[in-house]
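Paired with chain B in one complex and with chain C in the other, chain A is shared by the two complexes that follow.
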Partner chain A sequence: MGLKEKLHGIKEDFKGKKMAPAFNALHTFLYTPNETTHNGSHIRAVDDLKRTMNTVIMALIPVLIWGIFNAGYQHYAAVDAANGIIREASLFGNFFTWDNFAMGAITVLPLVIVSYLVGLGVEFIFAVIKGHEVEEGYLVTGMLVPLIVPVDIPLWMLAVAVVFGVVIGKEVFGGTGMNILNPALTIRAFLFFAYPTWMSGDKVWVHGAKDVVGTPDAISGETILGAYAQNSSVVYDFADKFFGFIPGSVGETSTFLIILGGLFLMFTKIASWRIIFSAIVGAAVMGLIFNGVVYQGWIAEGSKFYGLMNTPFWEHLIIGGIAFGIVYMATDPVSGAQTNTGKYWYGFLIGFFSIMIRVFNPAYPEGVFLAILLMNVFAPTIDHYVVQANVKKRMKRLKLKTA
Partner chain B sequence: MEHVELFFKSIFIDNMVFATFLGMCSYLAVSKKVSTAVGLGAAVIFVLAVTVPMNWLLDQYVLRPGALTWLGAEYADYDLSFLSFILFIATIATMVQLVEIVVEKFAPALYTSLGIFLPLIAVNCAILGGSLFMQSRDIQTLGLAFNYGLASGIGWFLAILAIAAIREKIRYSNVPAPLRGLGITFIITGLMAIGFMSFGGMLTGGEEKTETTDEVAKVEVQKQDAATEDESLAEVSQEINNK
Partner chain C sequence: MALLSKKDTGLLLDPLADNNPITIQVLGICSALAITAQLKASIVMALSVVFVLAVGNVVISLMRNIIPSKIRIIVQLVVVAALVIIVDQVLKAFAYELSKTLSVFVGLIITNCIIMGRFEAFALGNGPYRSFLDGIGNAAGYGLILIIVGFFRELLGSGTLLGFKVLGDPIAKTGLYAIGYENNGFMLLSPMALIVVGIIIWIQRSRNSALIEEN
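The block that comes next holds the complex of A and B.
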């Protein structure tokens, strides 16, 4: 008797018991359930919720691996810089090294583990109490959360935020597929507003920077956006920014890998290309408007908005979290717009507001996650009007026909 | 520029619902359907846009200390500001009656669906709040007062529109029984306020992020900003002239 049969046997024993959902969650993760449906007509398909979630996680794995190496790389680079050594980034020379990996693993992997343990723990508790099956919604959220926080965030803060995000952001609405805001972004927003000193500034993006503040060994790791916001010059060149040899949240740095992940998600039709496309257009339009303002000379060089307004529009797309946000967050099928026309609007406004908040709101150097949350709020409104417009159009057609 | 800034500031940054949590009663009660919400939102926009400038006139020429100077020098040291509440409310109640008559005449369906909430606009805190903010923020001209009323109304309209659409959407959600109805609506409002926090501190430069309640400081900083921008504009134009 193999493992499969044994598990099916245990399942029969557990049936109707309190812990059944917890067991079933693990069971269905390993094997397809042996139930057959009893009535109605059915479509046999394998792309269930778990498959969908796993596809997104597959698209996230390269980003995570890059994030691990980059966490180590940035730490050693910052230490070197503090000692006066300037590093030239080279992929196999000093990036993919065991030192970097070890340093990155001990900082990043605990984030992943805490995120999954706490989040899935909450999900299991809710499933057992409410007596429904464990839903897989947290699989992706749990992977996204460690990728959008700074490396040095204390683990207990992450745990508190995850509990908030899962309970208030999702479970009170009835679980996976019912939430109005993206849970991962709810978690980040909670962290951002509850513990701002750990979420922004120039000391949180490089591991260890906070511990050595004020000592002779002090290191700094300012993000590019932070540097632009203060009108100071940036030492990174295009390749650094595009491939991701820069400080930032764990997973957001490498635009190149994010594009690859995005193409994979679009190819598998998990992510909507409409949202991604229109979000890029929206961001580019807003960036161009700001560039135009600078070109016309409407803004003085000393103004505090000058640095970010003067950033070329294409550069806005590869620095900061905008690529990550557009590819992995904005395309969340639950909290985004549902109609096709609505998706264009939704995406466009995300890009538009992202750059606008980034430039006009120096309090928040990164506007992407807030822009997506804002558009999550308005997505149902957009959908409503798209549907109404369609209804009106059809009514008209009907009238024409009968008349 | 001043107008544009005030307009967007009142809609997004100082949103009536999400920044000050005013006007909650009708916001929570009439947001079950988008169509009704649109009607009530439009009524609020109209009432705010009319009452704020009217109350501005009252404030300028009757209520504030020294406002009665136009009657004669002997009235110069009268201070009637203790009458603000009652006069503002009187104006608002009158205007709401007017709106009610108009709506009943021209949109009977909307009138019946709004029901008791239309007369209740008279005591909607967002409306009185608009007038009182106008007074305390010391809005300078009649045009700005109109702008402020209109923009606050639009902000409130957007808020109720968004929550109505969300509530229509979550009708199919499996919300736990104890939270159904008002409970979940409060939670949604809180989450929406997080979304709107993206605008908090915008344009001010974020320096006074810790003291956002300090309105005066904010206004001063903005004035300075405006001044520096004007200076820079002047410089630029001078350069052009030189060339």
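The block that comes next holds the complex of A and C.
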């Protein structure tokens, strides 16, 4: 008897019992269940929720692996820097090493495990109480969460935030597919407002930096955005920023891998190219406006906004979390705009506001998650006006025809 | 003879749960969000509203037959304003620090929808004794939610209750803080108060399905 039959047997045993959804979830996680829909229209398509979720996870795997190596690399680089050695990043020389992997794995993998255990635990509890099936929605959220937090976030904080994000961000609205806000970003927003000392500053982005504050071994790792916000310069060159040899949240650093993941998602039609494209345009437009302000000399060099305003618009796209946010967060099909025209507006405004928040909030220069949450809230409004405009256009056409 | 008839008991107890001004009627939300970061402020606010609503209800009820209905709102406002000024002055005299914490929200009791609502809906049509009970009941229902919200916000946001460090000292790292616990700064922000009120409403409605509207 194969695994599939065994799982099916367990499922039959628990049919009609309270724990049934939990066992069904285990069964359908790997296999298609042996039952068909009984009424309504039948659509035969393989790209169901599970397939969609797994595709996104596949697109996230390279970013996660990079994040693991980078967590180790940044730690050792910071230790070197504290001893006066400036490292030159080289992919096979000092990046893909076992030391980096081991250091990264012990810091990053617990985040992944806690995120999945707590999040899926909450999903199972709700499924059992409410008597519905466990949905696959958390599979992607659970992978996104460890990628958008600093490496050293305490695990219990992550657990509290995941419970909050899954319950308040998703379950109260009715579970997967009904949420207004992106649950992963809700979790990040909760962490940011609840425990700001663990989410910003120059001590949280490198593993171990918090433990050695004030000692002779003190290390630090400011993100590029943080440095620019203080009008200071960074030692990283274009390749460092683009390929991701920089400190930051676990998964956000490598723009190159994020672009690959984005292309994969667009090719498989999971992510909307309209949102990605217009978000990039929106960010570039806002960046150009700020560059123009600097070029015109309207802002003094000593101003606290100068550092980020003077950043070339294309550089804004490769530093900080904007690439990750646009590709993996803004394209969430549930919380984003649904209409095609609406998607252009939705994406454009996300890019536009991301850079605006980034520049005007020097205390915390990462505005992408706030911009996306804001537009999540406005997505239904955008859709409403798009639909109304369409209705109006058609009414006009009807009148012309009948007149 | 019982002190309270069954109907009168209902006046007192209904607003505590099944007809709570905050969680069911969703009135008086602004002050519930604004001043519940500390338990002490919540309690004082609750007591102030109990005083204003109970006395105000009695006064309005006594005058209900002589108030011309065209200007009744103004009369009600004068009554509630007078009572609020008394509360404000008493707080300033005996609890100055606290009155600074509550700041403008003591004055804003005037605009608390619960008070005008009870004047209009109850005191204008009922005798003083029953109006008094109704005032106590509704203000207590309001205060109860305030105290629950204040309890959780102060406990989780500052790690204190009424100013006592019940979870240990965050700077000296004693108690829970010794094992890495940290205060949740989000609890001190008003959005979290809204979420806490929402969770209370959620729990209440899932326990009592009669409260859920059709559709």
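Basically, the second predicted complex is superposed on the first by the 400 of 403 C-alpha atoms of A that agree within 3 Å, B and C clash if a C-alpha of one lies under 4 Å from a C-alpha of the other, contacts with A are read in each partner's own complex, and residues count from 1 in each chain.
Criterion: a contact is a pair of C-beta atoms (placed from the backbone, for glycine too) under 8 Å apart; a residue touches a chain by one contact, two chains touch by 3 or more.
Worth saying up front: this structure is predicted, and the values here are computed from it rather than measured.
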(request) With both structures superposed, pick whichever of chain B and chain C touches the larger number of chain A residues. (result) B
(request) Mind working out whether A:85 is in touch with chain B, chain C, both or neither, as first, second, both or neither? (result) neither
(message) After the superposition on A, what does A:156 contact: first (chain B), second (chain C), both or neither?
(response) second
(message) Taking the superposition on A as described, I'd like to know which of chain B and chain C A:3 touches: first, second, both or neither.
(response) neither
(request) With the two complexes superposed on chain A, say which partner A:400 touches: chain B (first), chain C (second), both, or neither. (result) neither
(message) Looking at A:370 after the superposition, I want to know if it touches chain B, chain C, both of them or none. Which is it: first, second, both, neither?
(response) first
(message) With both complexes overlaid on chain A, does A:168 touch chain B (first), chain C (second), both or neither?
(response) both
(request) Quick one: classify A:193 as touching chain B (first), chain C (second), both or neither. (result) both
(message) Need the overlap of the two footprints on chain A, from chain B and from chain C, as residue ranges.
(response) 168, 172, 190, 193
(message) Quick check: in the complex, which residue numbers of chain B touch chain A?
(response) 34, 161-162, 165-166, 168-170, 172-176, 179, 184, 187-188, 190-192, 194-206, 209, 228-229, 232-233, 235-236
(request) Could you please specify the touching residues of chain A with respect to chain C in the complex? (result) 154, 156-157, 160, 168, 172, 190, 193-198
(request) In the complex, go through chain C and note every residue touching chain A. (result) 180-182, 184-187, 189, 195, 198, 202
(message) With touch defined as at the start, can you tell me which chain A residues reach chain B in the complex?
(response) 130, 168-169, 172-175, 178, 180-181, 186, 189-190, 193, 297-300, 302-304, 353, 357, 360-364, 367, 370-371, 373-374, 376-378, 380-381, 383-384
